[in-house]
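Both complexes below contain chain A, partnered by chain B and then by chain C.
Right, the complex of A and B next:
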């Protein structure tokens, strides 16, 4: 019989990334019991559900790792770097096993053995030798592994009144709970019980509070209620948490409030006389009492919020469904624009009112839909912690990665495609940017290098910055290298900014020797291509000896573009507004002043331009005064000449389909309100295209 | 005298496996081959609990549960459904019809007994 394992693998992958993040955090604060608990729980869940879904190899392997980590949880062994290294390796191994099950390469069994032996060597009394019988290879029941000192739980059970209709006997659940632990106190709450004449024997009026001391986990308790989880309000609270035991036993009033038995106001009322009496006795001032109450409130509300946030509900939806929704909303936006246009053409007031209402709703629907696809970039950032850690160890460098703006949200598609470029950039920073500790000390720097990863919103874009405090880029060196490789003419005079752009050339590498990490000259050109594909841009600034900052500017979403609608003869085009800097007029006089060259003087700056009419061979005569849309294309100002600028236009991007996949100058198309199609220009590709053609026709051009 | 449990399944091998497991644990077992058969037999002689498959000819498990819950004798007895579909939808349908719990096939005898103990005591 087939069992659907995708739910398990999906969950397992998620748990693995959580595991990794927790381990890396744990490395920074090895004593944090919370983190140790998190690591342990993640492994425990993987093991448990792995066994259930037939992933015996995962279950057995994870069991071994978990056993060792359990010792750390019980403080039998300390959390050390070797332990974290091995557990990280184990995490990778589990991933490999899962990948293998999904049809990937088979996992390396010897590696698994090495990890397990390494872990066993950490156990007390192991002495480095493979501990004979220290951890039996046969599977143990999961419950046994979670055994540690017993905990006290408060379990509130409030069955729905109709629970008997399903043949459930709540008393059996209570006795099952009783079997879980050594001490169990059950208190029935029967205040809802009506007088006998009103009592319906088929209705459940009673609820229970159970105080259970058990070695079992909260999940084991929840398992008791597996058949009635939708018919039962269940509230489980660990009463002897560290922070509770650490402080004094709470006052009965506080407990009543926390249990929700009396509202805070009542407690306040009841407590007031004490404060008043103290004030009367001259022991405290009224403001002191007030402050103490405020303090109590503050802490309590903070904690309540935390609990609330933890249990915040969310729905998991396959991303294809979201993509479908976005597509449909895109269609709707297009149709709505047509509705608006039709309504205004008809001059029908009633229709216009409806169209306006539809416009408002469509706008909200669009924004909402887009926001659903937004994910915080934090998970991507977290992955880099591991990268930095591993690479810096490999290269013998000390590097700290700090992040900022992890909560910044971006479209899921953008985030997915951002991973590889960021990996390249960070690798480069680690390999070429940050110096080895001895060189850093010699240069008067902190031996520990710093890479700062940040994300912030800026208008309709997100800026992602990778900063390092390494040796920086040397513009002269870059220029020399590029000349050596014949990538630029020998007598080139480049500004610093232009020189920095050289690193994005295909095959460009400044590394003296090729390392495992980078230096093969593939990388930054790929980075630029990926960022182009995302309709983003890259900016590099660097101070020699101080460090480098690489800034990626990315659109919030790929489905919608803020565009500038322009017209050439009867053709309409959309230019991405993010790149547009200004619009200036191009008169006949400007053209004759330039003596046949396609450049214009804008406030004493010479800006080259591309005539869209010529480029696409559109016929007709241009108007006397044309418009130049000046855009920032890869750090260079470039103009695009059009007949007229119609205005700003928010458009839904439609892909051109396979017939036009080679038309590189367009990134897509959009449908306007009246049904006309406007092509969206890919500015950087256009510029590169034109440059390439000019190079061919006039090879001597400087 | 042990409690009496009815196992309803069109597959004789499942009936046999459930039957042997339950008898081994000291329960009395009666068998039915589909919902219709079960309903007829149960009306003649009530039991303490029903374990039923969902997909069966003549009358499926969900209908059986609904029919049973409408009879005074079976309003509150535990009814456990056997389901291959681990999907929540099928379980939910059964729960709404009045099922007490479920066992996802394939299962092993100890798992069956665990569930029986949970709902029958």
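Right, the complex of A and C next:
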């Protein structure tokens, strides 16, 4: 029987991203037991459900990682950068295994081995030297507690020094003890053993700590020592399960004490909570520490509650179902527009009332459906923390990523497609923007660079801003480079804004040398293409030496946009309203004033325009007074000449069939209330086509 | 039985132990060990004929080994280490007690 594994993979992917986020947080506060617990639990769940759904490779691999993290949880090993690095690598490996199972590239098994070996090397006692008496009890107590379940006792035996003189052989006692249980671990304490010169050969200097796993009672243990009762100090303690797990491998402090490397008091001092140590140092008062602890606990419990609430209140739905719902709502909006139009044409009052009611409901339904598809952008932001961390380490830079507005919601499709362009932009900031620490210090900046990622709502759009405090863009340098590469005419005079847009040109690169990260001249043009595809726009501002801000303006959703409906002869077109700045009239006189060039003077500013009628060879005679819709296209004001502007239109976007895939000037189509079809114009593509054609016909033109 | 021989150059003293090394021989063992350590630059120890070991011997040899390490002198093992020794190390909880300083295999508590 085929088992549906999609639920597992989906859950695993989510757990993996939670794992990543927790690890990155943990790197900042390595002592946080809650975080270590979260990492452990995420891995444990992946392992458990992996095994359940037959992902044995995942389960086995995760088990290895989990084992190591279990020790970190028990404070046997410390959370160090190598541990975080390896666990992050392990997380990627689990992801690769899952991808492979879903039909992707097979996962690199050698890589898995490398990770496991790296992790094992972090364990105490690794690297050849066996830790003192720390041979791990391989057997864990079973999870279910029962009456007959073996207990673990810790037995401290301190024989009196003259025990040999009475003819007692302590080794026999130990071996008797060993026979009591299934598992017995004897650790000699020999720190009292003096140098040979001072050693009395007939004195016992050794004492022991014994961990005995047995079903027998404490009395049975005491019975072993019954004949040496007066010659032995005996201390027996039943360990509870937590402690037993903790003794799996000895805590490093205990090992040190046993080896005689440090006295027990030093260990206690070192293990004291930070609060106590501060109090002792006289830095704070005990009550201050108490208050701070209370605050910490309050925050922790609040955060835990929030996490619980979030996970409890959500329902998992495949995104295809949602896409289907959105399609249907789109159809409904179209039909509702027709209903409205029919009702008003018929002058039927009752029908109009119904149409209005339907309109109201449709609107609410539409908004609700859209909001279901909305996701907080925070998950995407979290991914970048990892990116920044890895890249900055690779390049030897210190960079902090701060984020703001992680709760800002965007359509799922937009978020999905936003990932790659943002990666490119952030990579660019890290590689080209932020300087190396020594240069930053020389320029009087904080050696640690800053990248600030923010998202805010602005009307029907979301602004996503990537801000860095790096060296900024030099417009003159950019212009010179572009002229060198022949991408713009040699005598070009560009405004700063236009110069900044050059970085999005295909094959444009200012990097002196190609690094692993960027500089190959691909990347930023990909960014523009992706943002175009999302019907968004990019704005760049930069101050030389201070930093760069790249702002992406994106529509909230791809399914429905606010459009401006215009008419040319009998044809209807929709322009994305987000790009529209103003509408002005174009009279015959304006045309003749321009002496055949397609420009118009708007409040002393020369604005070039494109005649849609000519562009699409529509024919017919234009009216005496035409309308120019002035839009912001990649930072340049450009006019689009139409016969008349009809008005704002809620545009449900329908993609064009494959027959039209070469008609790049249209980004889609929509169906109007009366059933006619209007094409949606892709303004930036139109401008680029027209520019390319003009360059061909008159290469010298500026 | 305890037998110490130091070569003429005084480079190495060889301590050969056999039979049972227990509390009865402890005083003698201590003296011989001290003698060997002071007479030679390094001590070679042969336990291959030993069949009984108790805690007193473990303590003495451990102290000797630790002392030699501290003085920068060497302790080497001649012949095979008998199971009796390994068992005693294991039972007494001295396994791994010498950590990385143990190049002799005396303190592993496990036979080859």
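Definition applied: the second predicted complex is superposed on the first by the 516 of 702 C-alpha atoms of A that agree within 3 Å, B and C clash if a C-alpha of one lies under 4 Å from a C-alpha of the other, contacts with A are read in each partner's own complex, and residues count from 1 in each chain.
Assume a contact is a pair of C-beta atoms (placed from the backbone, for glycine too) under 8 Å apart; a residue touches a chain by one contact, two chains touch by 3 or more.
Note that the coordinates shown come from a computational prediction; the quantities given were computed from them, not determined experimentally.
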item: Partner chain in contact with A:166 - chain B first, chain C second, else both or neither; value: first
item: Partner chain in contact with A:442 - chain B first, chain C second, else both or neither; value: neither
item: Chain B versus chain C as contact partner of A:195, first or second or both or neither; value: second
item: First, second, both or neither for A:480, with chain B first and chain C second; value: neither
item: Which superposed partner A:230 touches (first chain B, second chain C, both, neither); value: first
item: Touching partner for A:175 - first (chain B), second (chain C), both, neither; value: both
item: Which superposed partner A:206 touches (first chain B, second chain C, both, neither); value: second
item: When both partners are placed on the shared chain, which of chain B and chain C touches more of chain A; value: C
item: Chain C-contacting residues of chain A that also contact chain B; value: 164, 169, 171, 175, 202
item: Of chain A, residues touching chain C in the complex; value: 128-135, 164, 169-171, 174-175, 178, 186-188, 190, 193-197, 199, 201-202, 204-206, 208, 210, 259
item: Complex contacts: residues of chain B adjacent to chain A; value: 69, 75-79, 84, 86-87, 92, 95, 98-102, 105-106, 118-121
item: For the chain A and chain B complex, residues of the former touching the latter; value: 1, 3-4, 164-169, 171-173, 175-176, 202, 224, 226-227, 230
item: Interface residues, chain C side, partner chain A - complex; value: 23, 26-27, 29-30, 33-34, 37, 54-56, 58-60, 62-64, 66-67, 88, 91-97, 99-100, 108
